[in-house]
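The same chain A turns up in both complexes below, where it pairs with chain B and then with chain C.
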Partner chain A sequence: MATEDTREGNPAHPAGQHPDLPPPAGTTGFIGWLRENLFAGPLNTIGTIVTVAVLYMLLVPLIQWSITDAVISGSDRHGCDIGRFAANIGNAYDDFSRENLALDPNQEGLDPETARLWAARQKRAEVDLTTVGSMLGNFDNTYQIMVREGTVPTDLLAVVDQVRPLELQPALLQAIEARDLPAVDSIVNELEPLIAWGQNRDGACWVVIKERVLIFMLGFYPRHEAWRLIVAAVLLVGAVAPLLFDKMPFRKPLLFVTATFPLTGFWFVVGDFPTMIYCWIAFAIYWLDPNRIRGPTIAAALVLLNLIYYFGLSDSDGLLSTIIGLKFLDFRYVPTGEWGGLLATMVNGVVGITASLPIGIVLALGRRSNMPIIRALCTAFIETVRGVPLITVLFMAALMLPLFLPEGVSFDKFLRALIGVALFSSAYMAEVVRGGLQAIPKGQYEAAEAMGLTYWRSMRLIVLPQALKIQIPAIVNSFIGLYKDTTLLSIIGILDVLLVATQTNTRGDWVGFSSETYFFAGFIFVIFCFGMSRYSIFLERKLHTGHRS
Partner chain B sequence: MEEMENTVVDRSHMQVSEEIAIQIQSMHKWFGEFHVLKDINLTVNRGERIVICGPSGSGKSTLIRCINRLEEHQRGEIVVNDVELTDDLKNIAEVRSEVGMVFQHFNLFPHLTVLENCTLAPIWVRRMPKAEAEDAAMKYLERVKIPEQALKYPGQLSGGQQQRVAIARSLCMNPRIMLFDEPTSALDPEMIAEVLDVMVGLAESGMTMICVTHEMGFARKVANRVIFMDEGEIIEQNVPEEFFTNPKSDRTKLFLSQILQH
Partner chain C sequence: MATETLATPRRSSLWTDQKFRSIFFQALTIGILGFAIAFIAHNTATNLENRGIASGFGFLSNTAGYELENTLIPYNSTDTHFRAFLVGLTGTLFVAFFGCIVATVFGFILGVLRLSHNFLINRVAYVYVEIVRNVPLLLQIFVWWAILLALPVVRESFYLGSGMYFYNGGLKAPSPIFGDLFWMTPVALFVAIGAAIGIGRWAKKRQDATGETFPAFWTGLGLIFALPVMTFFATGAPLEWEVPTLGRFRFSGGLAITDMFLALLIALAAYTAAFIAEIVRAGILAVNKGQTEAAYALGLKPNWTLRLVVIPQALRVIVPPLTSQYLNLTKNSSLGAFIGYPELVATIGGITLNQTGQAVECILITMAVYLTISLSISAFMNWYNRSIALVER
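Entry: the complex of A and B
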């Protein structure tokens, strides 16, 4: 009782019996969140308003260009051009300055500097005025082509019926020629519905992407073989998924897809290697045999069969060769010179990523090794490769390496570039992994050692899981960097996504749509890089096991 | 402390056998130029409970770390369970699988659950089937009184609980010798008792133990020998009663006066 008297405030609750009260209004829920995060103080509020304004100014034109004003129908450039021509009649007319046209650079008493300036302005006004006419001319030409092809959009037909631009063109050109501005004004006024129609169709021309999408995806991979790439892509998803998510359904059977993907992926994409199936079956038997007794024997037999075929029978056309060599399953061989687009980018990215992590780990362990020669070799490799630009490595791989190889020995340029990219990124990866290894307390190494674990087991079971976990953001960072660096392959003539975009821009029938092609190429990269980034965040959350001890 | 000094502890039920577990002969170790262990001679019989104490930097941790080759000695000879420690990795692996070690900072593996921490070495070093290893691990976790934490991660446990897991983890390998490197000095005071209790239980079960610690109460209660080290040398060793009441060297007296003062 005595304690209650000393307390100020609500005497209804004796000490130690205060009930939980609801929080004050406006501090929780959506309003509370807004208050706390967007309008917490004057500075915060100004920041929020400025940010929203900037986003609005950036996003509205972007959405207009890419969606609302974009052209997606049609199969050639005329559908895109015609909207731009119509809109440009208005744009040129708006740009045209009649004050500048009225300037007289030859006027008496003008100093030479001003005279030059006036002349330039007048010239500019004349160009704008002529452009009004030439844009209508362009429009009419394109319109006539589209009429012949029967591809005129229905809404344009109505506008043309109303405005009759073909009939206005001679009058407009005449008026411009005569500098009869009132006549020009009235004609442009008559054209107004057409200009308005054009301004709703002068955004992105996605037709170019639609028409070139196969080249963006496959390069010059034979179109009738493209199904193989779809199979390979599906298998890739099936191979990667069980590695990414350890609690997914059907993980165990999918791991089989993962383990065999290097073989199957190669077989489907490159072709000409059906006896790969033997290794595949051998692996499956080994995998499924729980006692690991019959499995290895059968697997060895199949691999042997494969070798016999390759060294004994592959050149003959006999029945035995056909059967053992599975020639009825033979896919046409597609040389890497025909690969391109996303296929080339993906092959480089996937091989680079899967190779660089293990090689990087080995290099990092080597650099921390107690054995001085191994340490020196690994350090030298890492420092050399890191000190050289990737372009140099790629030029080495593409141009110089063949010079060093013995005569008669040559291997694929794509493969050489692939090795170059993989080794280059593994040097970076090694440093990332080394950073992780250094962050592991010495006690972890000692505890593992004291248990009697061997070096490799303590690395695999104790040190690397922790080191790699710490470095997930940096590792994924390297992966993303590597994935984007594959665009440099275009410099040595490998047709990656970026080079497809560049080549499209220089093709006669698609000149002038570089915004669209680069936007699309960028979009492809954003999708994959964003996916990797999100996965890294997911993984960090999943592997979080409370505070470090 | 006063009270403890006058208590007579009965250790008769903890038997020491004639068999030699560890034999160290004229062993020297240097860290670079620094002579950290000087002419160490020590024989440990099976069932002995030895407490090593001494000022910091006296080489006591280094000494027990030499016993499982976490540190390499440069001269002399160390024989553990009849296996001599040399550069031979097979010998080292053999010794390590028979010698458990508990560290000052626990050194649990933070990415593995308590149970996985305990089963890792039996599965990978002893090649024990997983189910069997888990049963054994649960048994030891019960012995250190935390079976209910088996599925948690070390980061979710208190210091005392972590150290008990570390002890259980070592016991899972069924070691013949246990080394303790200041097992309680990183713990909050209220957690020291729970760890010492487990260690006392272990001593009573007949385990050969070498323990670097400043817990003199523990030394009195379970040790059959207390070793005092200073500047890399074994200065004095004796049964605890004699060691505490009648230290012979001045350095021992000084050290004891410093740690028993308060």
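Entry: the complex of A and C
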């Protein structure tokens, strides 16, 4: 429709009553979005083109490596090696073709710089040519091993039937030895189907992850006890969920799982302490009816039961001992030396997180206390710990702590590391909590005092709930830092995910697949840490009740 | 009766007296702490005696007896543990200094890209930041190191031009040989910087007083470049370069930047840059849009708006968290010990500790040094922060 018709005074539309025109073409829809977001101006367009080019250069090889050319079948490295050897025959020959064996650096009348370049090119050509031969040799050796093991992939069998690489090898070596380039060229041409086959299988070797995934997850935790960890993991999810989401179904009963998780989690992962179940039961009774049983009563009864058991009955095999000691529930004790991988990382993360928050709160309150000595001590602790790297704190926990204890007393290396991590992160947590405390208006403190609440009550009921709430995103960030920091535990010999990766790369049957193991370890951390950071963003949005500028 | 009871003043318990309680708890804390320290000291002394380790810092003057490669200050195995400590200290400071610079530059670029209106650039920067922030630094150091180790061997080094080679042992560059009068050039540089600052102050004062502007920035920049260059040539260009020459198996001569240093530097800078990018983004977003609009309304050109209105306000938000990133980077440089970069934790906190068994002393020295560095950086940044802080009238 022509625009002139819709002018003021047009009888079709009285003045002021004209319907809205559609926006100009090219400013809405997909095209409009593209124009606005990708091609808004010359600079913007150049940026888009450059980014697309960089992404193409990065992503295409990454997808080829990790998906299309990856090897996932098989159970040992030969299945991965054979593809790489086959592909490398072609790669080395391509490299060789780019150089020139005929260059003679000793020719008369060459200037020294050209001579150097020529010498280097000739040298490279020779190396590449030898590599062509040795790669075919490697291929043949691996192929023979796979034939013995009966693990040759069927598509390779077909290719080998067609190409017969084992028969070509002597001829190739001879041709290379004699520098008979046309012969080499024809043999490599004959090998072309094999090279093409290899080039589709020279990507990531996920077999290494497949074979080592249990070590990545559990370390050397006994495999037949692994179900306990699965139970503990399920319980952990059940324990964390009600803390994360305050409007989820079954929140109340799940909070019980949360409250008892320190006990149950410990019991399932460590084993050996079935009498812990008494604490659990007592807690359940208290939970169901807080008026009937009081905390101290429970504690006394439990201490008594445990004392009776450990000092009177634990050595006997009688019925009473079995019943009170719950020996039928006795999981085998798994020493921490057998823990590793994601289990070690998770235990460190969860214990560090749970311990650092209360210690951090106490430190933060201490730093804001009116008592000068307490304040000075807390400030000194916080600033010292924040001023040194975690590695030195871990060294301290590993090397100095045993010196601090009386002769003969020693405790677990894992536990020492846990203490180090918890103390370290509690100093950071203290600063986060202090930020929250400072953000609470003074009126809140004064109102709590005016109500006659004691210091601890006013903190517990009035100040801390508000202070922690506004700092939740920062607290989660601090957790992410702690979780990543657990990788440093490998320096004192704890087998965390990263140490599993580096050990896989340097020892045993899987040397040379560091890309795969690092990729997998990084993937594990990204999942957990990215999950936590998304959650903190979600909370930030939810808690953000004010108006944005 | 009842009135009498009421009239009797309740004996105020000492326990409800706030002052007394405060003193009591503090005394209790000191008591417990003192006891704990005495207990620990006694145990430590006994344990050390049983292991036959003499405490004290005497071991620092003993011969270290271990080799460190590519140290910043001359060192060999006949030097003392103290010398090894100095090697570690310079290593830490060196990588932390350059790491902070590279991370800041890269982080600011990344932060601006995060704010780009271009959807693609914005998303790519976001993905980079999220991945890098959520992968442990140690893993990233290992990955960079593996990448550098996969470079060609010495014989097939990349030639980068001007006498620089890049290979799986790191970077080789020409090393400078300073002539007699070379000291004049850095002196000239300092003089030029001083003059530039002076001109800037004078120009501002004059502008405040008379309203006349003076291109102080360009004058200063020109001065900073021109004066040292002129001095350099006036003193007869007293600088020569020793170009590394490629031997059969290794380079001879020239300046070596090791693969360990490069891996650590790249990983530290890339990791910290991701955090700095978020800080920069938050800082720029924190400047109210009305400020930009008001500046435009006053007729300021876009780059003036950026320089005079947006950046000064954004910096106020950016600097405090930036400080803690610098501190983190410095502390994270201790991870170099994992790949054998000779820094504090590798030298005094690692090999010396293992050789001498002086765990307490070595760890205390290491901690004290890091603490000093941290406090110095935060003191400097606090000073800088105060200098750009809003002066409220």
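We adopt the following convention: the second predicted complex is superposed on the first by the 438 of 549 C-alpha atoms of A that agree within 3 Å, B and C clash if a C-alpha of one lies under 4 Å from a C-alpha of the other, contacts with A are read in each partner's own complex, and residues count from 1 in each chain.
Quick note on the criterion: a contact is a pair of C-beta atoms (placed from the backbone, for glycine too) under 8 Å apart; a residue touches a chain by one contact, two chains touch by 3 or more.
Worth saying up front: this structure is predicted, and the values here are computed from it rather than measured.
Looking at the shared chain after the overlay, A:Asn37 reaches chain C, while chain B stays out of its contact range.
Looking at the shared chain after the overlay, A:Pro335 reaches neither chain B nor chain C. By the touch criterion stated above, A:Phe395 is placed in contact with chain C alone, chain B being left untouched. By the touch criterion defined above, A:Gly29 reaches neither chain B nor chain C.
Of the two partner chains, chain B is the only one that A:Glu449 touches; chain C does not reach it. Once chain A of one complex is fitted onto chain A of the other, the partner contacts of A:Pro406 are limited to chain C, with no touch recorded for chain B. In the overlay built on the shared chain, the residue A:Pro465 is in contact with chain B alone; chain C does not reach it. Once the two structures are overlaid, the count of chain A residues touched is higher for C than for its counterpart among chain B and chain C.
Taken together, the two structures place residues 549 of chain A in contact with chain B in one case and with chain C in the other. By the touch criterion given at the top, residues 68, 70, 93, 96-97, 99-101, 103, 105-111, 120-121, 124-125, 152-156, 162, 173 of chain B touch chain A in their complex. Within the complex formed with chain A, the residues of chain C that make contact are 22, 25-26, 29-30, 33, 40, 43-44, 46-48, 50, 116-121, 124, 130-131, 133-139, 142-143, 146, 155-156, 288-289, 327, 331-332, 334-335, 337-338, 345, 349, 353, 359-360, 363, 366-367, 370-371, 374-375.
Here chain A touches chain C in the complex through residues 36-38, 40, 44, 47-48, 51-52, 54-55, 120, 123-124, 370-374, 377, 384, 386-392, 395-396, 399-400, 402-407, 480, 484-485, 487-488, 490-491, 498, 501-502, 514-515, 518, 521-522, 525-526, 529-530, 533, 549, going by the rule given at the top. Residues 441, 443-444, 446-454, 457, 461-462, 465-466, 469, 543, 545-549 of chain A are the ones that touch chain B when the two sit in their complex.
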